[in-house]
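Shared between the two complexes below is chain A, which pairs with chain B and chain C, respectively.
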Partner chain A sequence: MAALGRAALLLSFGLAVYALVAGSLAARQKKRRLALSAQNALLSAFGTTLVAALVLWSALARRDLSFVYVAQHISKSLPTGYALSAFWGGQEGSLLLWLLILTAYSALAVFLNRRNRDLVVWTVPVLAGVATFFAFMLCFVSSPFETAAAPADGAGMVPSLQNPYMLAHPPLLYLGYVGLTIPFAFGMGALLSRRTDERWLVATRRWTLAAWTFLGVGQLLGAHWAYVEIGWGGYYAWDPVENAALMPWLAATAFLHSVMIQEKRGMLKVWNMVLVALAFNLSVFGTFLTRSGVVNSIHSFSQSPIGGWFLGFIVMCVVFSVGLIYWRLPLLRARTKLESLVSREATFLYNNLLLVALCLTILWGVTYPLLTQAVRGTTRSVSKPYYDFFLHSFGLPLLLLMGIGPLVAWRRASLRALGRTFFIPIVAAVITGAALIAVGLGSSTPGLLAYTFSAFVAASIVLEFTRGTRATGSLTKLVARNRRRYGGYLVHAAILLLAIGIAGSSAYQTVREKGLKQGQSMQVAGYTLTYESIGTTAEANAQATRAVVDVSRGGKHVATLHPGKNFYPVENQVSNEVSIYHDPRNLGDVFTIADGIDRNGTLFLKVLVKPLVNLVWAAGFVFVFGALVAMWPDAVEQRRLAVRYATT
Partner chain B sequence: MIALSVAAVLALFIIYTSIAGAGTPQIQPSQLAAQHGDVMLVGTVVPGMSGDAHQGGLHFTLEDDGPANAARTHVLYTGSVPDLFKVGRHVVVEGTLRNGVFVAKPGSLVTKCPSKYTPAKT
Partner chain C sequence: MTLALVLGSLLAVVAVVIVARPFLREPAPASDRLDELGELDRLRLTLAEERDRALAALKELEFDHRTGKVSDDDYRAQLGPLRQRAAEALRALEPRAEATREVPRLQRDAAR
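Up next is the complex of A and B:
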C-alpha cells in the first residue's frame, strides 16, 4: 500500500513538472494543443494526489503501524475521528494536505476559467511550479510513506489535540493558505500574458474572498481552541505560528479592498500585484515557519532540513514575483490619478498602507530573533508589549477607516458633505465615549478608543443600511442587488464585534490568583468564588481530577465550575482542564484554572474575568454570513461581466 | 504621499524601539554568566525538581539544548506551570540571574510542544 502511495506521489511530481515545462513552452510559443495538454496534466495531478491521500487516510483508519507516519501520530485506542485527523498532525502529512488542496483548487480554477485562454495559458505553469515544489518535497525529502517494522502500539496523539476544534482548524487554515495561491497565479499569469486589465481580478474575486474567509475562520477556531483547551486564559499570544497565519490574512485583507479601486477607477494596479504576491509569499513563509524550527515558539519543532528547501523556494518565489512585477511595470500604469487626499480612493490607499504596516511590523517581530542572531550573535526576541503597541497604533486607525471609507465620495469629497455624512456617527462616538468614561471605563485609553471608534463605525453601517433600504424599499432587495457591498458591510460589522470583544476581554479584564482551602472564597470583579470540594474520576483514557467551585454574584449563585487536571497514563502527560462560566449579562466569561493542587488539598485557583469575550466568537458567525452574502453568485453581474470581457 | 507614510511608520517604529528597548535576549545557560538584566533563558529540564511554584517557589535546573554541555542553571520559579512541563522538555523562562540563581518572572514559564514535525530520516 505504501508503494502505491509513493507511486502516486511520483506521478503527481511528474505531471506537475510536465505541466510547468510544457505549459511555459506552450504559452511562449502560443501552441494551443500543448497548452491543453499541460492543463490536463495539472488536472490529473489532482487525481494522483488524491490517490496518495486516500492511501494515507486508509492506513490511519486501519491503524497500519507499518507506516512510520501512522505509528508516530496515533495509537490503537485513539478514536477514529482523531486518527483520521492525524493526517495533518505531522510534517509529511501536512505537506500532502497542502498538495492535495493545491491540486484540487488548481483543477477547479483552471476548469472554471478555461474560456479565458490567454490568461489561463500562463496561470497553469505558475500553479504547476508551486505544485512541483510540494510534490518534490513529498517524493524526495519528506515522504509520508516510509515503512518500518510495525511497533506494538503507536506513539499516540497529544491530548490537547484530541479536541473537535482541532479537527477543523488545520484544514480550514490550509483551505485559506493554499487558496491564496490561485489569485497569485492568476496575477502572475496576467503579467506574463500582458492581460493586466481587470480580467484576472474578476476571475479570482470569489477565490480570494473564499480563501480569506477560510483563513479568518481557521484562525478564530485556533484561537478558541487555545482558549478552551490550552487554557492559559487568553486566545492569542503573538506566537510566531499564530502570526504566520495572521500576516497573510492582513495582506489578503488589503488586497481584497484594493482591487475594488482597480475595478472602479483603474488605479492601484501595482499595489494589487504587490499585495497578492505578498499574501502568497507570506502564506508559504508561514508554512516554512511552522516546520523548520527556525524561530523559538511554543510550537517550535526540532531543526529540520526541510527548512533549507523551503527557504530556497521562498527566495525563488519572491525573486520571481518582484522580478515579474518590475519587468511589467509599464503595463501597470494607472488609468486615472488620485485627485484628492479626501476621497474614497485615498481612504483605500490609507487602508493598504495601515494593513501592510501592521503586517510588516509583525513580520519584523517574528524574524527579529533570526536577524539579531545573524547580525549581533545573540538572539533577542520581542513579545506582547511590542505587538500590542503596533496593534493599537495601526489597528485603531484601521477601525476608524472602516467607518469612513464606505461613506466618502469618489474622486474628491467636499468637507461640507463629509460633515453632513459623518454628523450622526461622530455624535454616536462622542456620546459613547462620554458614557463609558462616566461608567468608569476610561481607565484604558486603547480600550476607550476602540469602543468609541466602534460606535462611529456601527453608526455608519446602520446609516448605510437605512439609507439603502429607504432607496430600494426593501432590505432583502437592497442586499440581493448589491451583495458585494452589503455583504461587505456585514463583514465589517463582524470585525466590529471582534474589536469590541478583544477590547473588552483584554483592556478591561481582571485577573486574580489565590490559594484556597476547602470552604474558602475569593472575590474577583464582583464575583465570589468558593472552593467547595475536590474529587478524581476515571475516564476513558485519563484520570480526571476536578475541583468544585461555586460562583455567585451579588449574593446569588450563578454557576458551579469544575476546573481541574487530567492525567493520561499512556502518553504520561498532564493536561489543564479549565472551567468557564459564560455570563449572559456582560457577554463575558469567568475563566477558572486549577493552577495547582497541593498535598494538603489547597487549590491554587486562577480566575480571569473577561468582559465581552464571547463577542469574539459571535463575530465568527457574522463574518461567515457576511462573506457568503458577498460571495453569492449574482446572475445579473455575471451577464454584465461576460459582455465586458467577452473572449474569443 | 506614500513616501511620507513610510517615513511616518519608520519614525513611529524607531521611537518605540528606542523607548521600549530592542527586544529581550534569548540565551542558553552556558551564556548566562555574561549577561546582566532581564533575559529569556532557553534550555532543557534535567532531573531533580523540588518545591512548589505556588508556595515558596519551584526549584528546577536547566541545561543547554543540543550537544551535551556541562553548563547548568538553577532556576527559582513562581506562578503557573504549564501542563507540558516535565523533565526532558524544552522550556523558555524570563528572569534575571541573582547570586547564582536565576530568579524567574512569575508566570513567564513557557514549555514548547513536544516535537511533532521531526527531522527527515536520513
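Up next is the complex of A and C:
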C-alpha cells in the first residue's frame, strides 16, 4: 500500500501546483471557469492527502514494519493508541499532518466563501502555494512511504511520548499552526485583489479565533504533559520547541486585539497585515524549529534533509508578505487617527506593542544560539533568567492592561470618568497587596505584583459584567449582544487564573530532596512523607518500579503516592514516573519524584509543594469556554454583514 | 502493487474529473468573465463600512455612558459629532434605494 500513499501524495502535489498556477492565471486574466477549476483542485488535494494519511494510519495500526517510518517509530508491543499517535511522532508524519490539515482547512474556507469570488480568487493561489511546498517535501524530500525489508521488530517509541496527552497535544498544536495560514492567505489575497476593505477580516475572524484557541489549548496540554511525564516538577522550561508555539500565539493574540481597532475605527490596516503575516511566518518557523533538527545544533540542521528547504520557504514567505504589504501601502492608509492616548483603542495599541515585544524577545532568545553557532562557531544560549526578565517586564504590564482596557471608553476618556470606574479595582488591588505583605507573602516582588495586578483585573472583569448587566437588564442579553467582547473577558479571566497559578506555583513553591530508608519520613511545607515500601510489576511494554509513599498533614493521612521508574526493554530506556497529590485546600500539588533508588533500598525522594498550580489547568477550561462564547455566531451581526456585502 | 496502481489510477481519474468539472459543465458559456468589484461598488462598500462604524460608535458611546465609563459632559460633547458622522455616512449611501430601505433596520439593530 506504500505505492498508493506515494501516488496519492504525488496527486496532492500535482493538484496543489495546478491550483497555484491556474488560480494565479485565473485571477490575473479574470477567467471564471479556470478560477473554479483551481478551487476544485484545492478541494481534491484534500481528498488525495486524506487517502495518503489513511494509508499511513493503516500501516501503523497493522504494524507494517516494511514501512521505514513505521519501523522507526513503533514496536509490535506498543499499545494501538500510541501506535496511531506515531503519525505525528516523526518528521515525515508531522509534515503529512500539516498538509492534511492545510488542505482540509483550505477546502472548507474556499467552500464557505465560494460566493465571495473576487476575494477568494487570489486566496486560492496563496493557499495552494503553501500546500505545494509541503506536498513537495513529502514527495521528494521526506516521504513517509519509504519501504525496506521489514525488521523483526520496530525501534519503538520514546517513553515520554507514551502518554495519553500525546494523542491530543501535537494535533491541537498543528490545528493551530496550520489554522493561521487561512487568515494569512485571505489577507494576502485581499492585497493581491486590491480588496483592502474589511471583507477579509470578516471572512477569517472565526478562523483566527479557532486557530488561536487550538494553539492555546495545545500549549496548555503540552505543559500538562511535561508536568506529569517529564518528571522535573515544572510545566514550562522556555524550551525552543515550547517557544515555537508560544510565538505565533502571541502574534495572533496581538492580531485579535488590533483587528478590533480596524473594525471600530478603520485604523491599523498595515499593522494588521504585518501581524497576520508575522503569525503565519512564525507558525512555519515553529514547524522548522521542531522538525529540522536546528534546535540540537547547526550541524544536525545542515544534515537534516528538510532544514535548507524550510529556511528557503520561510525566507520566500517573508519576502512575499513584506513586499506585498509594501506594494499595497497606498491602499492601506487609515483615514482616521487616534484621538487620545487615554482611550480603549490606545490601550489596545499598548497591549499590541507589549505582545509583539515579548514575541520578538522570545524569537531573539530562540535564534541567538543558532546565530552565534553559525557566526562564531560556538554556541551561546540564553536561559531562564533572560526569558523571566522579559516575561516580568512585558507580561506584568500586559496583565495590568487587561484590567485597564475594559474600563476605558472608546475614543477618549476624561479623568473624572476614569477616577470613578477605576476606584473599586484600585481598592481591590491595594487591599490584596497589603494583605499579602501582612501574611508574609511579599518575599517575591514579581509574585506580589502579579497578585496585586490580578486583583485589579478580577475586579475590573466583575465590574464589567455587573455594570453591563445593570445597563441591559440581564446577563444573557448582555453577552448575546456582544459575544466577542464578553467571550474575550472570559478569556481574560482564564489568563488571570493562569497568572495566579504560575505565580503561586513558581514564586511560592517549596522543594526538598532526601534519601529515605523504608519507614523514614521527611517534612515539606506542612506535609509529612513516609517511605513505606517498594515493588516491581510488569506492564504491557515496560517494567514498572514503584515506591509507596504515605502523605499526611497535621498527623492525618491524606494520600498514598507511588513515584517510581519505568524500564522499556524494546527502547532500552528508563523514564521517571511521578506521583501527585492534588490538595483541594490550597488548589496546589504535592509532587513527588523518585530521583533514584539504590541497591541498599534507599529512595532519593524529591518533593515539590506547588500552591495554586491547579489553577493553571483550570484556566484551560475557562479559556475554551470564553473562546467558544466569542466564536458563537451572532444573528444580528450576520444580518448586518449580509446587508453590507449583499452586492459585493 | 496492482491493487495500489488501480486505486491510484482511480483516484487520479476522480481528481481530474473534479478539476475539469467547470469546463465540462459549461463547455461554451455566455460569459467566462470573473465577477469583479467596480469602482462604484468599492466606494459603496467603503461607505457601508463607514456607516456601520458610525452606528457602532454611537451604540458604544451610549453603552459606555450607561455603564459609567463616559461622563455626562463627555457624552454630550461626543454625541453631536458622532451623530453627524453617522448622518453623513447614511446620506452618502442614500442614492441607492435598497440602502434607504435598510437604514431603519440597521438603526434598530444598532440600538439593541
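Basically, the second predicted complex is superposed on the first by the 637 of 648 C-alpha atoms of A that agree within 3 Å, B and C clash if a C-alpha of one lies under 4 Å from a C-alpha of the other, contacts with A are read in each partner's own complex, and residues count from 1 in each chain.
Methods note: a contact is a pair of C-beta atoms (placed from the backbone, for glycine too) under 8 Å apart; a residue touches a chain by one contact, two chains touch by 3 or more.
Computed from a predicted structure; not experimentally measured.
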{"item": "First, second, both or neither for A:31, with chain B first and chain C second", "value": "second"}
{"item": "Contacts of A:515 with chain B and chain C, given as first, second, both or neither", "value": "first"}
{"item": "First, second, both or neither for A:414, with chain B first and chain C second", "value": "second"}
{"item": "Which superposed partner A:264 touches (first chain B, second chain C, both, neither)", "value": "second"}
{"item": "First (chain B), second (chain C), both or neither touched by A:386", "value": "first"}
{"item": "Overlap of chain C and chain B interfaces on chain A (superposed complexes)", "value": "none"}
{"item": "Residues of chain C touching chain A in the complex", "value": "1, 3-5, 7-8, 11-12, 14-15, 18-23, 26, 29, 31-37, 41-42, 44-46, 48-50, 52-53, 56-57, 60-61, 63-64, 66-71, 73-74, 78, 98, 102, 106, 109, 112"}
{"item": "Footprint of chain C on chain A - complex, ascending", "value": "1-4, 7-8, 11, 15, 18, 26-27, 30-37, 40-41, 43-44, 47-48, 51, 117-118, 121, 195, 197-199, 263-266, 407-414, 416-417, 420-421, 464, 467-468, 470-471, 481, 636, 639-640, 643-648"}
{"item": "Chain A contact footprint on chain B (complex, rising order)", "value": "1-2, 5, 9, 12-13, 16, 20, 22-27, 31, 40, 42, 52-55, 80-84, 90, 92, 110-121"}
{"item": "Interfacial residue positions of chain A with respect to chain B in the complex", "value": "68, 72-73, 89-91, 141-142, 146, 158, 160, 232, 290-291, 293, 296-306, 338, 341, 349-350, 353, 357, 361, 368-369, 372, 378-383, 385-386, 389-390, 393, 515, 565, 573-576, 593, 595-596, 598, 604, 606"}
